[in-house]
Amino acid sequence: MEPVSTGAYVIVSAILFTIGVLGVLIRRNAILMFMSVELMLNAANLALVAFAREYAQVEGHVLTFFVMTIAAAEVAVGLALIVAIFQSRETINVDELSDLKQ
Amino acid sequence: MEGLFNLAPLVILAPAVGLLINLFIGGRLRERSVGWIASIAAGTSFVFAAVLSFGLARSPAGGAVYVTDWVKLPLAGVDIAWDLRVDTLSVTMMLAVAGVGTLIHVYAIGYMHGDAGFRRFFVYLNLFLVAMLTLVSGNNYLVLFVGWELVGLCSFLLIGFWLHKPERDPETGEIAGYKNTAAAKKAFIVNRVGDFGFLLAILLIFWTFGTLTYGPPVAAHGEEDGAHGGAATLAAQEAEVASEDGLCVPHGEGVFEMAEAFMAAGCDVKLGSSRVPIGAMITLITLLMILGVTGKSAQIPLFVWLPDAMAGPTPVSALIHAATMVTAGVYMVTRSNVLYELARGVSVLPFGLTSPGVLTIIGALTAFMAGTVALAQWDIKRVLAFSTVSQLGFMVAAVGLGGYIAGMFHLVTHAFFKALLFLSAGSVIHGVEHGHHHAHDAPEGPEEKTFGYRHGVLDPQDMRNMGGLRQKMPATFWVYLIGALALAGIVPFAGFWSKDEILLDAYSRGDATGWFALILLMTAAAFTAFYMGRQVFMIFFGAPRTQAAAHAQESPPIMTRPLVVLAFFSAVAGFLNWPGTHSFGHWLQESVAYAHIADFNLALALLATLLALLAIFFAALLYYWRPALRADGADRLGGLGRLWRFLNRKWYWDEFYELIAVQPFNGIGRFLAGRLDGDFLHDWFHDTLIWRSFDRAAAFLGAFDLKIIDGAVNGLGWLAAQAARYLRRVQTGYVRQYALGVLVGAIVLLFILVLPLLIANSG
Amino acid sequence: MSVGTVIFLVVAAVAILAAIGMLLSENAIHSALFLILNLACVAFFYQMLNAPFMAMVQITVYAGAIMVLFLFVIMLLGAERLRTPHGRFAWQVPVAFVLAVVFVVTVVVAVLGGGLRDMPPPPAMTEVEAAAYGGPEQIGEALFTRYVLPFEMVAVLLLASMIGAVVLSREEGFSISRGERLQRARGRRDALSLHHRRQEDLETEDVAGDLTPTR
Amino acid sequence: MDVPTLESLNLIVTWPAVGLGLWACVLLLLDLFVPKEDKFATAFLAEVAVILCFALNFRLFRLKPERMEAFGGMYVADGFTTFVNMVVLVAVFIGILLSFEYLRRAGIQRGEYYPLLLISAGGAMLMAAGRDLVILFVGLELLSIPLYIMAGLRHRTSRASEESAIKYFLLGAFSSAFLVYGVALIYGATGSTNIGEIAGAVKAGVLASGAPLDSLLLALGAGMVLVGLGFKIAVAPFHMWTPDVYQGAPTSVTAYMSVVAKVGGFAGLVRLFATAFPAIGGVAYWQTGAAVLAGLTMIVGNVAALAQSDIKRMLAYSSIAHAGYLMMGVAASATPVVREDAVNAALFYLLAYAFTNLGAFAVAIAVERDDGAGTRIDDFAGLGKTRPFLALAMALFMFSLTGIPPTAGMVGKFLLFRAAVQADLVWLALVGLVTSLFSAFYYVRVIVKMYLEEGAAQAQPVRSYLGAAVALAALGTFIFGLLPFDPASLVQGVMLLVGG
């Protein structure tokens, strides 16, 4: 099985990343925005692993590993925050969280 | 004797010590002790300055005193030390500042007696001395700038000193404390504009010369020696000051010698990616400095803050806003005389103007304009304030004409007699207020016609409420008279000699600028004599026009004694530069490279004196031989009709202003109000920046082209309002839109970073 | 087209479609499931990229732990209540799409414009190399030698986020009562509202009005 | 692969940062034994750790180390690191001083607060010291995640606090995803995550493997990283979260994050851009991008600050403006000959900013009321009379932020402008000058309010801790502005950092 070129993987990862960005921009639900961020991180990981294979190194894998761990840490904090917000406001629609503005 | 110079830091240290003592333990001392500590600190400073001047008498070349390292970046070749310069110029300023300062400190002990902020006042005064002495004693532009900013700060604090004053202004009915606050703000903001120019000038100096140190003046003995530091040696240096591609190479110690060398070499300075000839660069630097001068020394167009600054206590008006701080601009130009004289030979501006020419025109116009407005004011301090603006115009015009000695000479004599006049005016006000209270204790007599009673408070500064004070306050009268004669330029008082030198410089310049300045200054001098005559006659002669004036009392000795000293100097200071010996001129020549001594011109002096006497005669005609005021309170000059109103209403400034600024602005305001949320309009823009500055600006005196500065201030407010409106639309509080902002930024950034590479790759 | 390429294209299509599904799905649970599908596809990519260990971690940590947490929270809050009505800026959606297209085009052009376009696919590894590459031993060795510092940092970070989760959801530890807290919260909310502020300003204006002279 | 020995880890040089993090973990345990009502002991123990770390770091700083490495080259202790550590430690010290009082008054005394504070400080320090993109990224998260938590610390009592936390969190996660993607692309372009190796590859134009460098991919990655870090230091147009978050978060947290997040982000930025992407003849390609961001940031921050009526929001926009001035230094550092001066100037500016901003926020805390009200600028009216020393200190801070002598802010600005002019960014320096002229308007407004307007500013009774914080900040602001010194020797050059 002939390996697929790294460029192809990077393009797929760029597309996934952009879809993640789009999710943050158009979803109003905080949880979904957050999931979109996870998608962006995931896309970055894909690029990392692809590059790692190109250079035949494990650095890329290690970096991916760290990104995943940190994503987990972010999830813990983020979901706790979302739950706390929901408890006090009965909503997690970010468009309704706009008391603070100029 | 150079060892004596090492005392220089003590000149600054003395008031600093006084300041610290009062700051930390002043609260536990009695009022009088606080005042005397501050005064003694100032006096000590004067003594040290005097010692320095003895040292200079022995070795007149002067020198720099290293105090400590300051900003130092060895790799970049930046090494700015905190050096003090001891030479005849700086010591002259020190003597004037510390001398007049000491007298004013003593006077203030009496004047501020019983004021709740007594200690604060003296702390500020001492701080001001520290700042002003720093300004004049620095050996480089950065120290000068530190002092420059600090005096601005002190001025700001002292103008707003009586911020809690509850009385209402008799004319506008606004609370005095608010007015004082507004005046302080205005002074600060207007000065920032000037300071900005000066800062740019300093940056450019650094950029061009690689240093900010003044260095020794190049032409050690002026033009007549034909030296210029030796044109031959400069030519020899030419090779090393310019690199082979014609760029200037900073090489020496001081700014001035390098400026001379660069000019001789005719090299270029790199500014960004373009090359600027050194002459144009120096012109640019000096023009930016002029912006600083117009701010600090209250010249057109930035003079608007000074008349309002009289909101501060009278000793402050005398010390800061008449005698010392406002002359900083004149000092700065004199200090930079080498740059100005070099710029005089460069014509890159339109109409063949040069930057000293610009300075001359600004000074002469200011002198004339302020002189006319002073003719038609009733407030005793306001007359003096406009007079100060006018006299500063004289000095600025003088230094612009190259008459550095004349400018500095007038600076010194003006410091004496204007301080005297302000302090005497304070004494008059003090006396009238006293009389007012006294009259209230025994309320008898018919309903009297007074001015400024409209809100139940007598305006003790309105000259229409005075009259006949000669008998009530004899000491004040005599010193006031001396001050007025000195200011009016009557032989043999100080003002005559110094003003005459300025006129002479304008006359001997001989070019169009010189003639222009001569005509305007001559007229302004006649106006000066007239309004001083008018003032003296209105205040001291005739019959008392109010109960307050009738019951006025002489001020306590602690106030009058300093006045006598000042009066003495106002009378004799002119002999410093007696035409035969020119001792002041020779003294200054040691440190001002381009100072030249002008010969006395009898015809010119006679003409000026004649004009002054004529003006005083007219003043007497209108204000002495006939009652100063008609029954309806109209001024005698009212016969001028429209012209009088024009002057009294400050060149129709209010109406003009209403027309060009307020109405359009109100229109804009309504437009904004219709569009914006209420809280915004109740917010700072509307209330503070726009409304207040417009309101206050409407009260701003005598200005005809205020629109420039007010346009700038209010334009800024308007700009901020627009920006806020836009930002309000962007800053919505919605997370998703912030994220959108991030994405837009990312795209733009990627374009900036990637596109050039992409183009390069494909190309 | 080789078999590898075909498989790649299919999996890529599924991954992208899953991501789009997540983006557009109305139901939060469906979105989460789509995301899990996407994560699985990426795990498959990892396998294709000779990263078996990462593929395993991807499934266990991401799909297994993180997404379960997401699903848990969605269900806790009530999926049906998480539907959000269409909000005020409808304009943001088309703008976002346009910008996203610009963004992805920029990135792809930069990726293609660089050296990657010409780069041949990486050489196939030998049997032994491939067996060792990307395995747990290699990664574990890297983590505990070169990467020991970031490893420890991540440990502290996990601790911090744990504390955070506790702090943000626990009530105790406050020195004021619940009633008082609620009151304060209400007061603060009022203070934030524009209406209140405007009223305050009106009141202060009245005071100022007393001071201004009556002419 | 070699198994590292204790000697090769060279732990001692990492202690200022690593020790702080470890102590945070220990403190978390110790906190269990501290009574809930009074968390003084926890705060005290945290301060002790900060002082110890400061002493150790100071010693390293005085040693002027020749780039000591630890953890096999992951961690570099050079002049840059030790200076940034110093700034962070000063900020943490003052931050804890002012927090203790604030938390007590606001009724949110939580023992967890202090360990979180220390952890985020450790993150900022590691960002400066890291010589690997992994450290940069993990350090950034270590810095940020505690800040998200602390911003929401008041969530039970304040809607603003929870809102600011969720905004900060969502946008922070969003922007760090950009950062991760950028790191991935840089890795892809250079084949390494080690900053030294990246710099080598950039200079040589070829990778270690012999393949040519993909400069487009590198530029793309650099741009993405700039987005992530720019967000952290609040550079326009990535700044929009700042005013909302600063206003809503508990004021002590705002004070802390306005300084430490900026220091950390900036340290990472300099470490990466000035070292890893050096110019190869001429000017580094990223100068224009950084300069545009700097100019935009200065304009946006200063103009928007004019319109604010809330002191926290005003300081937020002011901090954006200051990020712009710092970016100016970063942009100037793209010109090789100016690099050291520019970085030194920016470092000094950070120090000045840390003192000044913490001081300003400390005064804001003193004026703020227990329920979180009292943060409007109007609430400062008359402070000059009721609390002369607080007002005096505030005036000093405002002057320093404006850049009026004799304050540290003025010296910092002077150095930065000079660097910009040297780097031929005259237009940028002019933008900076004009905008700082603008800034005088809103800073002076606070002074005018305090001194020249009637009002009964009711500062809360100031406890000694808060007073100490104000005094310390004022002292720093004053000393570094007035005393003669040699910034170049204070900030001992980034020369040591050249070549990674």
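As written, the chain order gives the labels A, B, C and D, with residue 1 at the start of each chain.
Here, a contact is a pair of C-beta atoms (placed from the backbone, for glycine too) under 8 Å apart; a residue touches a chain by one contact, two chains touch by 3 or more.
Here the structure is a predicted model, which means the values were calculated and not measured.
The interface with the greater count of contacting C-beta pairs, when B-C is set against A-C, is A-C.
With respect to subunit C, maximal separation of chain centres occurs for B (centres as means of Cα atoms). If each chain is reduced to the centroid of its CA atoms, subunit B and subunit C end up 61 Å from each other. Centroids built from CA atoms put subunit C at 4 Å from subunit A.
With centres taken as mean Cα positions, subunit D sits 26 Å from subunit A.
Between the Cα centres of subunit A and subunit B there is a gap of 62 Å. The set of subunit A residues touching two or more other chains comprises 6, 10, 17, 20-21, 24-26, 28, 33-34, 45, 50, 54, 59, 62, 66, 70, 73-74, 77, 81-82, 84, 88, 94-95, 97-102. Of all residues in subunit C, those that touch two or more other chains are 92, 96, 99-100, 103, 106-107, 110-111, 113-114, 116, 119, 142, 147, 150, 154, 157, 160-161, 164, 168, 185, 189, 192. Looking at subunit B, one finds that residues 679, 724, 727-728, 731, 733-737, 739-740, 743-744, 746, 750, 754, 758, 761 touch two or more other chains. Every residue of subunit A that touches subunit D in the complex is listed here, in rising order: 6, 10, 13, 17, 20-21, 24, 30, 33-34, 37, 40-41, 43-45, 47-48, 50-51, 54-55, 57, 59-60, 62-63, 66-67, 70, 73-74, 77-78, 81-82, 84-85, 88-89, 94, 97-102.
Subunit B meets subunit C in the complex at residues 168, 173-175, 455, 677-679, 682, 734, 736-737, 740, 743-744, 746-747, 750-751, 754, 758, 761-762. Remark: subunit A residues 1-12, 14-23, 25-29, 31-32, 34-36, 38-39, 42, 45-46, 49-50, 52-54, 56, 58-59, 61-62, 64-66, 68-77, 79-84, 86, 88, 92-93, 95, 99-100 touch subunit C in the complex. Subunit C contributes residues 89, 92, 95-96, 99-100, 102-103, 106-107, 109-110, 113-114, 194, 197-198, 201, 205, 211, 213, 215 to its touches with subunit B in the complex. Against subunit A, the residues of subunit C that register as touching in their complex are 2-5, 8, 12, 15-16, 19-20, 22-23, 28, 31-32, 35, 38-39, 42, 45-46, 48-51, 53-54, 57-58, 61-62, 65-66, 69-70, 73-74, 76-77, 82, 84, 87-88, 92-93, 96-97, 99-100, 103-104, 107-108, 111-112, 116-117, 119-122, 124-125, 129, 133-134, 138-139, 142-143, 147, 150, 154, 157-158, 160-162, 164-165, 168-169, 185, 189, 192-193.
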